[in-house]
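Below are structures written as structure tokens.
The same chain A turns up in both complexes below, where it pairs with chain B and then with chain C.
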Partner chain A sequence: MLSLLIGLPMVGSLGLFLGLGGRRLAIVLAGIPLVISLLLFRDFDLQATGMQWLEHRDWIPQLGLNYSLGLDGLSLLMLALNGLITLIAILTTEPEVKRPNLFYGLILLMSGAVNGAFTTQNLILFFLFYELVLIPIYLLISIWGSNKRDYAAIKFLIYTAVSAVFLLGAFLAIYWIGDPHSFELAEIPISDFSPAVQTLLLLALIVAFGIKMPLIPFHTWLPDAYGESSAPVAMLLGGVLSKLGTYGLFRFGLQLWPQAWADLAGILAWWGAVAVLSGALAAIAQKDIKRMVAYSSIGHMGYILLGMAAATPISLTGVMVQMVAHGLILALLFDLVGLVERKVGTRDLDVLNGLLNPLRGLPGISALLILGGMASAGIPGLVGFVAEFLIFQGSYSDFPLPTLIGILGTGLTAVYFVILLNRTCFGKLDNRTAYYPSVQGWERIPGLILAGLILWFGIQPMNLVKWPQQLAFTLSTQVAQTHTVILAEASEVSG
Partner chain B sequence: MTTTLAATKLPPSTHPFAEIVHRLEAGGSMLPDTPENLMQIIGLYKAYAVPMDFYWRDLLYIAEQVFVDPLPFFKFIIPEEYLKLANHYAGESADLRIWRGIDTAHPELLEFMEKGELKRKLPRILHHLWHDRINMEFAEECMRAMLWHRDMGGLLDPYMDSEEYKQNADRAIRAYVQGNPLLQGLYKLFPDMFMELCRQATMYSVLGLFWEVMAPVFFEMSDLYDEGKLTTVPEAMNFLVNGIFAVAGRPIYHRVRIRGEWYDIVPKSKGFTWLYEAAFPYVEAVFYRTSPFRGTKSYNAQANQVPTNQLDFHYGILYADKFPVASAGIPPTLLHQDMYHFLPQYLVDYYRQHCRGEEDMLIQLGVSFQRSMYNVTSAVIQAGRAAFLYPLDDPNPRHLMMNRRYFEGQLNRFARPEYGIREAARLTYIQDQNYR
Partner chain C sequence: MNWNWLVTSVWMIPLYALLAWVGALLWSPGITRRTGPRPAGYLNALLSLVALIHSVGALIVIWGQPAQVIRIPWMQVGDLVLELPLQVSTVTLGACVLVTGLNVVAQVYGFGYMEMDWGWARFFSLLGLFEGGMCALALCDSLFFSYIILEILTLGTYLLVGFWFNQPLVVTGARDAFLTKRIGDLLLLMGVIALYPLTGSWDFEALAAWAESVRAGAVSVDPGLITLVGLGLLAGSVGKCAQFPLHLWLDEAMEGPIPSTILRNAVVVSTGAWVLIRLQPLYALSPTVLAVMLTLGGLTAVGGSLVALAQIDAKRALSYLVSAYMGLVFVAVGTGHTQQAYALLLTYAAAMALLVMSIGTVIWNSITQDLRYLGGLWSRRPISGLCFLTGIAGMVALPPFGSFWVLTDLWQQLVESGQWLWAGVLVFTNGIAALGLTRVFGLVWAGKPQQMSERSPEVHWPMMLPTTAMMGVTLHMPMILAALALLPAVDGIPAGVMTASSLVGITLGAWLYLNPERQAVDWAFLADWQDLLANDFYTPKLYRASVVFAVRIISEITALFDRYVVDGLVNLTSLAVLAGGQVLKYTNSGQLQVYLLTIVIAVAVISWISL
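Up next, the complex of A and B:
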């Protein structure tokens, strides 16, 4: 089942590269994995503590490279998110996109590789999938991006190459230091690693995945990459690709090194708080609505780091819900920003105005933009609130000040979205220029689907929260136990 | 683009709207002379004339029979006799036959009144409540604009504050409230309110009498265009100028019928005439100042964008932003909705080809309406020039210079930097054919 999620899009992409099918085939090939991932929900055991749907095949045993897959609550949510955003990205693409088969094929290739990364239980296989994602994304930015696409694509490539160096270095160190040597996640003898080595490895992983998420100060590739990409690619970058970073940090940072994580938690919490504030302040200063949304993403990554730092059952649940919420909201916002740009021809806040105009504006799109802004600002009743509330509630007891800063950040998020909405949607259209084409029915569908989910999970949060709860509880227990051990050792030393 | 009727003997104007000044001096309109503009304005005149045929009849009904009723629930349910009321400027028995058609209500109007947009014959009250009807609210807003912007010149306005008017009104009001103790008590308690209601009724009558003329004028222009006899924008404007002068002396009056007896509030014998007491005040109040297109632009009073002097208000149709403002959804106004039902097919086809076609036709016709009203205003400006100044081909350069100052003075109303409203006026916009 899991192999199908990886293989089908990849094989499909090969078919598309060879000129078979087209948009319809791409939709089918994106739709099937989504259906499969939804079927996984049906049979998922909520009480199980370990991995489910395990698959294992030896591949190159001499290298420790095995094809081993598995699924827990986090992977399950990420698979569904990836399936959904991939389908939405294809639906959002203009039918007259140039070189359609290559475009759709690259999206499917990326989607398959991301599914692999989300399910693999082997470090080196994760690395391969992680790197494989780069190729389609680089091409998607550099071929279908806007004016500065080459610069943005190269910058993205350089940053992620650096990320890969840190990641590979950390994985190889794990392999060499561990005894027996193994890349299998379940077989890594954590007790073999001294606390100092654990901390060093964790730091390397934080840099590697911090670039991917991205975390401040590794974020400077993001505004260019998001800003210069076409709307569907920006949706994939923000909705799915950034989750590779958060997922990696969760899986290979927090889950693998709970002791080192507990040591660094205070720093990480403050780091998250700073990311929230600086992302929001940078967003406020933007004149380009796409870059504004991009910077909002940096701020929201800060919430994830804050929640992971606290590592309580509630905050970790909130983190995993935030990954989904962020993916849905960012995909919606990029879809809408893309539509605005397509219809109006600009993303400049100083030019846009009055799009709520019922007859000559883009009233439906503007209404969805308002919803997306509200969701991103954590307005109750929408999925963003569920995630942020859980993170804040779970983090406050351990890190009250960073949490309060995070709450302040939600206020700042509301500020820049009010600026965006006020300039873009309200006011009056310019009589001389406002002859925008109307939005077609098919163009509304992706936004409506995403908005529906944002609303649904906001009203029925348990439909989202229940899947990662067990994992959150297990991990928080591990961190708490190591934390207790550290405290006990410290008291012995002082005693 | 511009039709030059006479070469100017003056140096070029340095006015910000010099091109338009020269066009007016040459006998043209503020609206550029293009076949597309002509088609738009004539089509709109026709679409306007049909609801206008309802407006004037109902306005007279309200002025004459509803009068000072404090709860006029059924004032828009026009009686049959007013639908059959003979227009004085149409049909066989016209005083001055402007339109060659019939003098009773227009057939398209009657058909619409019967079946409405639903195209189903239902009791009239249901059509009314469903708003599937002619929107008299628009006409009332125009009337109120005139009432609120009194003091626009003429003699009727001061007359409405005279003792003679008050006595006439008092006599009619007493007759109206006779036999109704409640109304009698109210009149005793609030005599000024009833007097103001009477003035409002007078304004109903003034506007009704004004539009009684304009409806056949517009019908005739539409017919002439269909016959190929109106071929340029200046010709259309001149038809209006000639029409204005032909009926300039029409008496303006207000009378009330109470229990079968007529009471004169503003007697015909006072000599108030159509041009000075109805046409000019109407243009001043509705075209230039405010209502029924209010809310079409956000003005910031604290930034001094709202004049302190009401006479300086400039928010009328000539300034109106025809795009709905954000979520407020105004305009298109109720008038646009009314005109939408009676558009000639050539205009419907034209709108379908532009912008969003059917989807934003109300805006497109609103912009055409703005064009057509600039042409009507041009006619009024030319009529004013003809009435007070000199012919366009006058050999005396001093006279021509006085004409120019008059034109420039009129156009200054669209270029008033003290209020920052130059861009609010749509005069520059309508020079561009792509303004839709």
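Up next, the complex of A and C:
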């Protein structure tokens, strides 16, 4: 099953490169993995604590490179998110996109590689998938992007290369220090590592995944990359690619080094709070709606870090829900912003005006934009609130002040989204210039699907919350246990 | 026949309205172009009527019976179990009847008021959202879900105030309404989140029980913490009830359509007071919180009633009285008189709705809400004039109308417990409110016709019928109070002081504004004071100079820092790398001996270090 999720899009992308099919085939090829990942939900064991659907094949045993896959609550959600956003991105693409087969093929290649990264249980295999994702994304930005696309693509590539250096360094160190040497996630002998080494490795991983998420101050590639990409690519970048960072931090940071994680938690919580605030503040000052949405993404990564730092069952559940919520909301926002740009011809807040006008404006798109912005600002009844609330409630006991700062951040989020909505949707449409092409049916569909999901999960959160709970409990217990061990040792030393 | 299903299915009352919300949304511009906008409104009013009938039926069934609680599961994460508890009691269903009844009235009024508008679907769907939210809030027995509903209503306010989004004042008004209320909501959320580790529950009943055990000494809690939590929770109500310093939004919200103003002034602002009353046991744990509540309420009551005197906009003259009366509710809750607070919300709601409705009929076909251009309407619009007068009577303490009983009772309680300051605030606010309302009446109905009221007859039935119906409700308020057992004992009630304060206000107003012979007063000697009040004590300017300015500057600095320092470092690094490459490329001379020398030196250095 899991191999199919990785293999099918990749093979399909080869077919597309060779000139088969086109848009229809791409939609089918993106739809099948989504269906498969939905089938996984049906057979997923909610009570199991370990990995499910394990697959294992030796590949190059001399290198410790094994093809081993597995699935838990987080992977499950991420697979479904990736499947969905991939399909939505393809649906969002204009049919008259230049070089369609290459475009769709690259998206599918990326999607397959991301599925691999989300399921692999071998460090070096993860690294391979992680790097494999870069190639299609680089091409997608640099071929189909807007004016400054080359600058953005190169910047993205260099940043991610630095991330890869830290990642590979950390993984190799884990391999060499551990005894027996192994890249298998389940076999790494954590107890061999001294606390100092653990902390160092964790720091390297935080930098590696912090670039990918991105965390402030490693984020400056993001506004350029998101801003210069075409809408489908921006959806993939924000919806799925950033999740590689959060997923990696979760899987190889928190899960692998609970002790070091507990040591650093205080710093990480404050880091998250600062990220929330500065992301939101920087977004307020933006004049370009796409860059504004991009900065909103940076702020929202802060919540994830805050919740992970607290590592309570509730906050970790919230973190995983937030990953999905952020993916859905950001994809919706980029879809809509892309549509506005395509129809009106500008992303400039000082030029846009009055799109809610029922006759000459884009009323449907504006209504969805209001929903998307409010979801991002954490208005209850939408999925963003569920995630943020769980993170805040879970983190408050451990880190009251950063949590309160985080709540302040949602207030600032509301500020820039109100600015965005007031300028784009409200106001008086200029009758001389307002002759926009009408929005076609197919252009509405992706937005409607995403908006429906955002609303549905906001009203019925259990459909989303129940999957990652077991994992959240297991991990938070690990962190709490090591934390008590540290405290006990500290009291012994002082006693 | 057993009618008990009306009670067990009480969760449907909010759903009718939400159904109407979704239903009206179907009238997207595409459908509206084919059917016209009206069906959306009719559907909404019909469902509101169903909700009203259901509420009334359930109220009759539950009458005299103990309260029931219905729990609807929502989310569970570990030991955090979130169930939506719906409390079915006489009080909560009474509130539902009030909300749905006012909605029916306001929607029929809306048929008339919005006659020429094409945005019916958007407008009525939002009214549906508000109705559903308020019914849910009335029934909801949990602080957490109350927060959720309040926050959704904040969004609703934003969209409803921004209904005529073509006009710049509307756009800024909607923005300010949303953001100021959101400040309150977020402080409330902070309080909600911080409260849970202390109490382990968000149910109002459980919170009250917890507060009781703290007072009994069974549970100990850090007084500083409970004060902070209490202040956070209080902020939510301050924002919703438009209390100082979060009161500005209500003034700007007057840019929205009048049918929504009826609801907002009468019941939507009361949502904050509703939560305030239910949290009273918790607030009572901290003297600081009570002091803040009283101070803000008292300041808003006095300040709001004064500011209302200087408004030239008919709707704004009423909106500041909304803040003032909510301030009185704050005072009542802060001094522990929750029953009077409930009763005041009821009598106030009917009277305020009537006032807005009758002034709305004038605004509608005089095409202005500027009091300076209105006047002399009594001969042509006696019905709406009578309605307005009834509204005044229901609003201020004038026997035997509704608010008289409540305000007098509150006065008596305050005096008996020796809280003279707050009793004084009550008398003063009531008097100034009477003056202000008489002023509005005088400027609109008395005097000579002005340029906008030359041709201004009574309006058509969809607006007059609900207005007169509301007049009936207002007149019957004492009987409703009696039925709800909210009427104080009539024997020995100190009717004099409150009545006198109303009469002084009304007489002064009549002398100034109703006397056709009297020369207009030259207010020039008061010009500075007039400006102070007309500009709401310059609070908008204060905000612009402080909070708004600070956020703008900080965000600009953050963005610049991000662009030039963080990204600048990155670009500097890349520049250094490029420059380094440029320089180093000239070292590629192709001479083997140089390469060899480099290697030897490097090996030497490394081995020296590793030794």
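Criterion: the second predicted complex is superposed on the first by the 495 of 495 C-alpha atoms of A that agree within 3 Å, B and C clash if a C-alpha of one lies under 4 Å from a C-alpha of the other, contacts with A are read in each partner's own complex, and residues count from 1 in each chain.
Just so we're on the same page, a residue touches a chain if its C-beta (ideal position, glycine included) is under 8 Å from a C-beta of that chain, and two chains touch if they have at least 3 such contacts.
Note that this is a predicted model, so its numbers are computed, not measured.
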In the superposed model, which partner reaches more residues of chain A, chain B or chain C? C
Just chain B (first), just chain C (second), both, or neither: which does A:427 touch? both
For A:400, using the defined touch cut-off, is the partner it touches chain B, chain C, both, or neither? Pick first, second, both or neither. second
Scan A:360 for contacts with chain B and chain C and give back first, second, both or neither. first
Given the touch rule stated above, what does A:435 touch, chain B (first), chain C (second), both, or neither? first
Intersection of the chain A residues that touch chain B with those that touch chain C: 354, 356-359, 363, 425-429
Given the complex with chain A, which residues does chain B contribute to the contact? 297-298, 321-327, 329, 332, 355-356, 359-360, 362-363, 426, 429, 432, 434-436
Residues of chain A touching chain B in the complex: 354, 356-361, 363, 425-429, 431-432, 434-435, 437-438
Help me check something: in the complex, which residues belonging to chain C touch chain A? 28-29, 32, 74-78, 80, 118-119, 147-149, 151-152, 154-155, 158-159, 162, 165-168, 170-172, 174-175, 178-179, 182-183, 186, 189-190, 193-194, 196-197, 551-552, 554-556, 558-560, 562, 566-567, 570, 574
Considering only the defined contacts, which chain A positions touch chain C in the complex? 155, 158, 216-217, 219-220, 278, 281-286, 313-314, 317, 354, 356-359, 363-364, 370, 374, 379-381, 385-386, 389-390, 392-393, 396-397, 400, 403-404, 407-408, 410-412, 414-415, 418-419, 422, 425-429, 461-462, 465, 469, 472-473
